[in-house]
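Letters A, B, C and D mark the chains in the order given here, with residues in each chain numbered from 1 onward.
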Amino acid sequence: MRTREAETSAGEPIDLPSNWGRWGDDDERGTLNLITEEVRARAAAEVRSGRAVSLAVPIQPTPFISGPFAPSTSDASPVQQAMVFTAYPTTAAADVLVVTNHHPCSTHLDALGHVFVGDQVYPGRPVSESMSQAGAHHGSTTAFAAGVLTRGVLLDLAPNSQLPDGHPVTPDDFDAAEDRQGVHLEPGDALIVRGGWPPASAIGQQRPGMTLDAVRWMHRRGVSLYAGDIGDAHPELDPALPAPLHEVGLARMGMPLIDAAHVDDLAAVCAELRRHSFLLAVAPPRVHGLTGVPVNPLAIF
Amino acid sequence: MRTREAETSAGEPIDLPSNWGRWGDDDERGTLNLITEEVRARAAAEVRSGRAVSLAVPIQPTPFISGPFAPSTSDASPVQQAMVFTAYPTTAAADVLVVTNHHPCSTHLDALGHVFVGDQVYPGRPVSESMSQAGAHHGSTTAFAAGVLTRGVLLDLAPNSQLPDGHPVTPDDFDAAEDRQGVHLEPGDALIVRGGWPPASAIGQQRPGMTLDAVRWMHRRGVSLYAGDIGDAHPELDPALPAPLHEVGLARMGMPLIDAAHVDDLAAVCAELRRHSFLLAVAPPRVHGLTGVPVNPLAIF
Amino acid sequence: MRTREAETSAGEPIDLPSNWGRWGDDDERGTLNLITEEVRARAAAEVRSGRAVSLAVPIQPTPFISGPFAPSTSDASPVQQAMVFTAYPTTAAADVLVVTNHHPCSTHLDALGHVFVGDQVYPGRPVSESMSQAGAHHGSTTAFAAGVLTRGVLLDLAPNSQLPDGHPVTPDDFDAAEDRQGVHLEPGDALIVRGGWPPASAIGQQRPGMTLDAVRWMHRRGVSLYAGDIGDAHPELDPALPAPLHEVGLARMGMPLIDAAHVDDLAAVCAELRRHSFLLAVAPPRVHGLTGVPVNPLAIF
Amino acid sequence: MRTREAETSAGEPIDLPSNWGRWGDDDERGTLNLITEEVRARAAAEVRSGRAVSLAVPIQPTPFISGPFAPSTSDASPVQQAMVFTAYPTTAAADVLVVTNHHPCSTHLDALGHVFVGDQVYPGRPVSESMSQAGAHHGSTTAFAAGVLTRGVLLDLAPNSQLPDGHPVTPDDFDAAEDRQGVHLEPGDALIVRGGWPPASAIGQQRPGMTLDAVRWMHRRGVSLYAGDIGDAHPELDPALPAPLHEVGLARMGMPLIDAAHVDDLAAVCAELRRHSFLLAVAPPRVHGLTGVPVNPLAIF
């Protein structure tokens, strides 16, 4: 397990956690390799009632409306919809969609090749071979397209509340949540974080975000997958450093990220049931070669 | 529970199973109403090892390649991908997708309003109010967007083999499979059918398909959701009659359909484990107002 | 030349001008048939300096921007643009566009089949045969795709000013403009109308529009093509009657319409040169089977 | 007027024609600056009968067809069309298009920023400032969006025939055509070249192409715009050198290119009329910020 270096704004070298090489030079699964048979069995044991909660933000598509009296602005939805003419007379309704993957209001799974480290992608493959106009050939959604199952653990960092503006999330926040909730995240588990910040575009906001130490904690604890309503801070906590979740967690640790998760419903159910672990089922449309894909993660109790 | 009428080619009136009105005049969930707490608990009890199998056909997107030496034909993939220029120099890869929902090679969930009965959609709402260029306002994916969980039962109609060309599937096929497999489909379960026909376009093929009696069997048995590699026959079994799955099952019974499911992997695992029931988790991207949506159904053992 | 009937709100039958059958039952060119060799020569004689003026509204495309900090609304532009990743390292820039033809801010040419008369399109062909999900098979842009040239005549109905809100344009407006400008529109000419209303969405506006009598004047005078910043009124002048330009001019007379033309620059040049006729060159992208197509009409002096 | 250097495969430095700086550091029109009032008047004088010929390849769009029995491949057309559902009952037909600009079968105008010289675009602006995911901010179609008019001169390099496979076009070809046709290309004229090679994808073909000397000839003669059925050779004539038309003509000389022009009809009319010059009207949809745009150039006689 190599580590790779960066520098602080003061010019001091710092170590960044990395899994480049840990599972071979061609690996495309990253920390999903931590989900062993034993982890899956632990996840299965969480299922009792069959109650499920969605971790996805509802998306209202923007229509391709035209005609002389169409509106002059539209929501920048991740999905645009053209209802299609199927026949005359019409006996069925169908549609064509235009989907913008990496959208701030779309709950989506980032593929490992989405973010580069210089001219390489995880775990050290050249970008020039991995990405072309014909799609992503390495580090794409292909690796995750048959679905991911593991135990999920919710850490609610601000129960019934919201993290303060610009709050830098540290290991202390995680440790406190584990203590408060009486839960312990094990290697191979998915970490679900709630900070009380609904996914939204960030104009004028000071969104809280992960610190490098928070990501180091994930590395140490063996997080297989990250999902949350807290991502990388905006504005950045320290512009001299790589973005902790995307440039370190995703690109160096190979830890898939679910951006823009909706976790308030989950937190309510966890509080009601007094448990914060569950089976997490992640089943994006089985599309190969993408840099990311919309997903509707389900927590199953 | 009303029934609605059609006529045979000989002009004789026939009864078609219908749930219009059964769950109220505004219902959008159809047979998903059959998934009670008890059904979900039965589904949960199926989960032991956490092993999961995808029921989705892998999709290889077609790139928007241009330039002087681009190919002159392309696969008619359900997904087209434009890799996008994010910045210069480039530090991340992203993409925009164009998605055709109702595609023969896309595993997708049909919404109840997809198919009309005259100028109405389930359960009797006018098309003119339900569908517009701004999307589907009734009978859309909104009803399913938070995910569907229930017990799934696989009926493999042709183990290690393929149904004959043009085979009309009848209740006898289902009863024989239940006996052979030692499984019984209960009300609220999802029915997964394998006929050994990989999803594909049908040029020159005589694809097998459901008969009206097969759909009546589903109605009687309380199927909540249908998925399979067998759909409506092509060419039609009897052009004078409505298409059994789409015009009766979906449009009249309000039974959501997963078209173009990939069930060979599932059949292999069921055979290996010697059981044909499991937790079925259906979690399409949480997009409202569509007539259908790509999905990656997971069978969890 | 048949005429077809409608009724006033008082229930009185009225005659509508029509060219159905005038140039045969399969005609797709409509009033462009009026552009004879003689008309073209008259148009050619207008060309002296080679100065050209565009009659198109500039379109600023909306980008498919994503990422965590994308804006939450966007302009409803007729064109959306995805800049594409061409290679790494990047040596060229390219893009993919999504185009909404019939958009209030897009200068576009309507094809004759765009608007139906009951279940028929000009000149009496069934919609069911003319339109399918595979495109327009009759009355499409195919007929115009090699370009249209004729003499254009600008009638400026409100020089240096704007027609009043909701003004119903009548033959008197045209006659007055001809007198004022010393120009006479001849059969086969294109009519360009300026009312001083920039194309825009119409929320809360009372846009002026053509009356049925204005369209009858065009019929009498042999207008081959209509372009203007005035279209059908909004709100409608008389909801009981067909929309004069689109339901009568386009659908019954077979007169192609250029919606949302930008004519202020043209009016300024005409005033400067003290002539209101010119060669009009209309050269949309040569795409077949569309219901309309963006166009950049040039007035050449 | 600077020149910029490259090297032959033997390592010898070579001069490349360039207009970087010739019209200022912010210029976006390139050789269109050569179209003076005098040139336009000369162009206007070519117009006599008003007869027009399109230089665009007809495009048959590919439909977004879905449903169980859709075809499994489709033509890689530059335009894809979704016929849209406008209302129920349906009273009009409309469509949404997806357009791939730089397509081998689409007659399109390349903007000056389309091809980079290292990390700069014409006339020396940094790519990082000129191109973003929000579009092209310098060297885009904005410069040409109001249309281009000039005199066009057709040089038919292989009358009633086809250039040999892989033929390297040189100044001799141009000089011979001028002599044969009795025409002389003047500064500011558009050069239209016919080699008898219909636009098509090039699998297995040895398409003829321009040499660096041919492009130097264009530079010397003051060509304002290039269009033709001959582009850069494929395979390249000399892989060590920059592509003559795209990397030198477009990117260094700032000479806009119309790729994939259809010139057989034009050649036939020129032969019939025994003249090879005409008014060339280029009027792409008036869309700003693109790297290229479909166009239907008209030769007007």
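What to note about this one:
Simple rule for what comes next: contacts are C-beta pairs under 8 Å (C-beta built on N, C-alpha and C of every residue); 3 or more make two chains touch, one makes a residue touch a chain.
Values in this document were obtained by computation on a predicted structure and should not be read as measured data.
Both chain B and chain D derive from one sequence, and where they touch, over half of the residue numbers involved are common to the two copies. Two chain pairs are in question, C-D and B-C; the one with more C-beta pairs in contact is C-D. Inter-chain centre distance (chain B to chain C, centres taken as mean C-alpha positions): 44 Å. Computed from the mean C-alpha positions, the centre of chain B lies at a distance of 48 Å from the centre of chain D. The mean-CA centres of chain C and chain D are about 28 angstrom from one another, to the nearest whole unit. Within chain C, contacts with two or more other chains are made by residues 64-67, 83-86, 88-90, 93-94, 96, 98, 100-102, 127, 131-133.
Taken as a contact graph, with one node per protein chain and an edge wherever two chains touch, the assembly is complete, since every chain touches every other chain. Those residues of chain D lying in contact with chain C across their complex are 37, 39-44, 47-52, 54, 56-61, 63-65, 79, 81, 83, 90-102, 107, 113-116, 127, 131-136, 145-147, 149, 279, 281, 283-292, 294-298, 300. Those residues of chain B whose C-beta lies close enough to touch chain C in the complex are 64, 66-67, 82-86, 88-90, 93-94, 96. Taken together, the chain D residues at the contact with chain B in this complex read 64-76, 78, 80, 84-89, 98, 100-105, 119, 127-128, 131-133, 200-203, 231-232, 234, 259.
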